[in-house]
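Multiple structures are listed underneath, in structure tokens.
You will see two complexes here that share chain A, one where it goes with chain B and one where it goes with chain C.
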Partner chain A sequence: MNAEKLLEKMHGLKSIFDEKESELTGLDREIGDGDHGVNMKRGFSAVNDKVSAGSTQDILKQTGMTLMSSIGGASGPLYGFSFVKMSEVAKEEIDGENLLEMLEVFDRTVAEKGKVEGGEKTMYDVISKSADLLRDKGSLSLEDLQQLAEETKDMIATKGRAAYFKEQSKGTIDPGAQSAVYIIHALGEGVEND
Partner chain B sequence: MTEILIISHSSEIAEGTRSLVSQMAGDTVIHASGGVEGGIGTNIDQINDMLEKIEDDTICFYDIGSSRMNLEMAVEMYDGPHQLHISEAPIVEGSFLAAVENSVGSSTEDMLEKLKTMKK
Partner chain C sequence: MKKLINDKERFLSDMLDGLKQRDPHIEIIEDTVVVRKEKKSSGVALVSGGGSGHEPAHAGYVSQGMLDGAVCGEVFTSPTPDKVLAAIKAVDNGDGVLLIIKNYSGDVMNFEMAQEMAEAEGHHVASVVVRDDVAIDNEEQRRGVAGTVVVHKYAGYLAEQGASLDDIVKKVKEMMSTLYSIGMAIHPCLVPTTGEYGFDLAEDEMEIGIGIHGEKGISREKSASVDKIVNRLLDELFKHTDSSRLIVMVNGMGATPESELSIVTKYVMEALDDRGITVSKLLVGDYMTALDMQGFSLTILDEDDEVLEALDADTGSKYFK
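So, the complex of A and B:
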């Protein structure tokens, strides 16, 4: 994946989040404060407006900075900072091996900054398993990523706003896990690991 | 002289702490900011704006929730010439202690040591 393709993917997330706004808001209304859909939509609209050209590193860094300043809640800084950190390892042509490296950085950044572990019903449950998925299957399909998000359904939230819902958080996919599906799919689509 | 930075979810908390601390140690430079766009919250832009204004090594204090995360990220991305330290001390007590120590000439290191004894 070259810079041009990456930019197209980042811009493409605007229409994905336009389309998925009500789905994410619905999930967040169940176990959060109901603003995840509108936040993600606002973030990637801003990316679409503001991120225009440059190397893969530039595009990832600008995307990150834009997300940090335009998405509220914890997801903005976590996604945003992860993109900034991924920009530091991205190569000019992102191949499977480089994508693995980027996903490992994504994993570490969210774990460290979000102080989160697996199984706490957060975006991390999708992010932390995506590198393994890429290693095992050689690519990141929407179906496989969605399966990771589905696995958060039966978890009881212990981190973030959803944790206040305790047992009642069961039965709903974590909205952050769901938005992570779309973001990682955009990063991984068309990049094969061979 | 060591500067103090206060980041809060609320502008009243940030400004109130600043005026409280200034009463005891008025010559300490205090950067205080709270709330986002007139509402409750913190974000990285707000912290970056303050970091642009610092002119010496700075001890940073934060309040609840995402303020620590935003502060950590801003500090990690800071590429200016000064040392930034994040204190785990509560913002009112911590910034008060730091300002008083500052006014009696303590070093940044001494202040950080004393602040370590004050946990949230």
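So, the complex of A and C:
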């Protein structure tokens, strides 16, 4: 994936989140405050408007800064900071190996900033397993990523707003895990289409 | 959705434009940061904030004797680090800045990132995280709710008295160790950004232990008479205190009529009297709301001479009564 393709993928997330707004909001309404769809849509609309051509590093960094300054909540700093950190390892031509490296950085950043580990029913449950998925299968299909999000359904939340509901948080896919599916899929698709 | 809003995308900017018309002592910088027009020349500056929808918190408390700046996020969404940083830089007069943060993961993350950035630029910044909501068992996870406003007032008073940043942090932390709240709702709020109610509630049900973001409570129960509800909430609060002299706040959630808040207050005072509690100060009103949620929260804290003085001290905010 070169810079041009990456920019296209980042801009493309706007229409994905336009389309998925009500789905994400519905999930968040069950175990949060019901605005994850609105926030993600606002973030990637801003990315579409503000992030312009440059090197892959520039694009990832601009995307991160834009997400951080337009999403808010907990997803803003987590996704935003992760993109900034991923920009530090991205190569000019992102191949499978480099994507793996980026996903590992994504994993570490969310774990550190969100003080989260696996099994807590958060976006991290998809992010942390995506590198393994790529290693095992050689690609990141929407179905496989979706399966990771589905696994959060039976988890009991111990982090974020969903944690307040304890046992009652069961039965719903974590909205952050669901949005992570779309973001990681876009990155994977960019590499695959090369 | 019937709401007095022009456009959900402009909720925040339209609200702040209107607020500026209503209060000649504030100005809006960086689109969403409310600061006092006349910057304090000395003394610790206070910055708080969070998602919008909690009015009059937090912008309504930007005034002499309370906050120097409020950072306003989108509805129920914490503000972003760049805006918090802008607030810190705008209010710092060299005596340091205190961030008053409600314990919600987004608020904590965004304010902490801003604090790091401000410190890197040479500002002296400290922060306190309010965790007063006893609906959550785990103390680390307790949300910051209505008690946050009491922290604004106490810290604001201490700053006016010329206390140092370290002193204010120490005293506020001490005060927060006896600060407890819990809330309930008989009707959810309609969130303008999604056009949906935060949760669904049958006609004969109520939610105990709601947060302030339109989210569900921790327990759904059959609705009951006001005296029973009040005692249900007090039972939760008294798991955490054995003080006999308390400061009490009865907070409306946004769409609770004054008359009903008075009725709640009557039963709160009766129930406290039955429990042998002396109320040294009573605050009643909409302090920290959740849009148009119908319900109320109760906040208690230990009587303390300096806190009492602080609560009675003058403030330019017409919302702290």
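The rule is simple: the second predicted complex is superposed on the first by the 190 of 194 C-alpha atoms of A that agree within 3 Å, B and C clash if a C-alpha of one lies under 4 Å from a C-alpha of the other, contacts with A are read in each partner's own complex, and residues count from 1 in each chain.
Following the convention adopted for this analysis, contacts are C-beta pairs under 8 Å (C-beta built on N, C-alpha and C of every residue); 3 or more make two chains touch, one makes a residue touch a chain.
Note that this is a predicted model, so its numbers are computed, not measured.
Clashing of chain B with chain C is the outcome of superposition onto chain A. In the superposition on chain A, contact of A:Ala111 is made with neither chain B nor chain C. Of the two partners, chain B and chain C, it is C that touches more residues of chain A.
In the overlay built on the shared chain, the residue A:Asp35 is in contact with chain C alone; chain B does not reach it. By the document's definition of touching, both partners, chain B and chain C, reach A:Met68. In the overlay built on the shared chain, the residue A:Thr25 is in contact with chain C alone; chain B does not reach it. Shared-chain residue A:Ile156: touches no atom of chain B or chain C. When the two complexes are overlaid on their common chain A, residue A:Val84 makes contact with chain B while staying clear of chain C.
It is stretch 38-46 of chain C, out of 2-10, 20-28, 38-46 or 290-298, that runs into chain B when the two complexes are superposed. In the superposition on chain A, the residues of chain A contacted by chain B and by chain C overlap at 68-69, 72-74, 76-78, 81, 113-114.
Residue ranges on chain A touching chain C, taken from their complex, read 25, 29, 32-35, 37-39, 42, 68-78, 81, 113-114, 159-161, 163-166, 168. Looking at the complex, you find that chain B touches chain A at residues 36, 41, 43-45, 65-66, 69-70, 72-73, 77. Interface of chain C with chain A (complex): residues 51, 73-83, 104-106, 109-110, 113, 135-136, 138, 141, 143, 191, 193-194, 196, 198-199, 211, 213-216, 218. Residues 68-69, 72-74, 76-78, 80-81, 84, 113-114 of chain A touch chain B in their complex.
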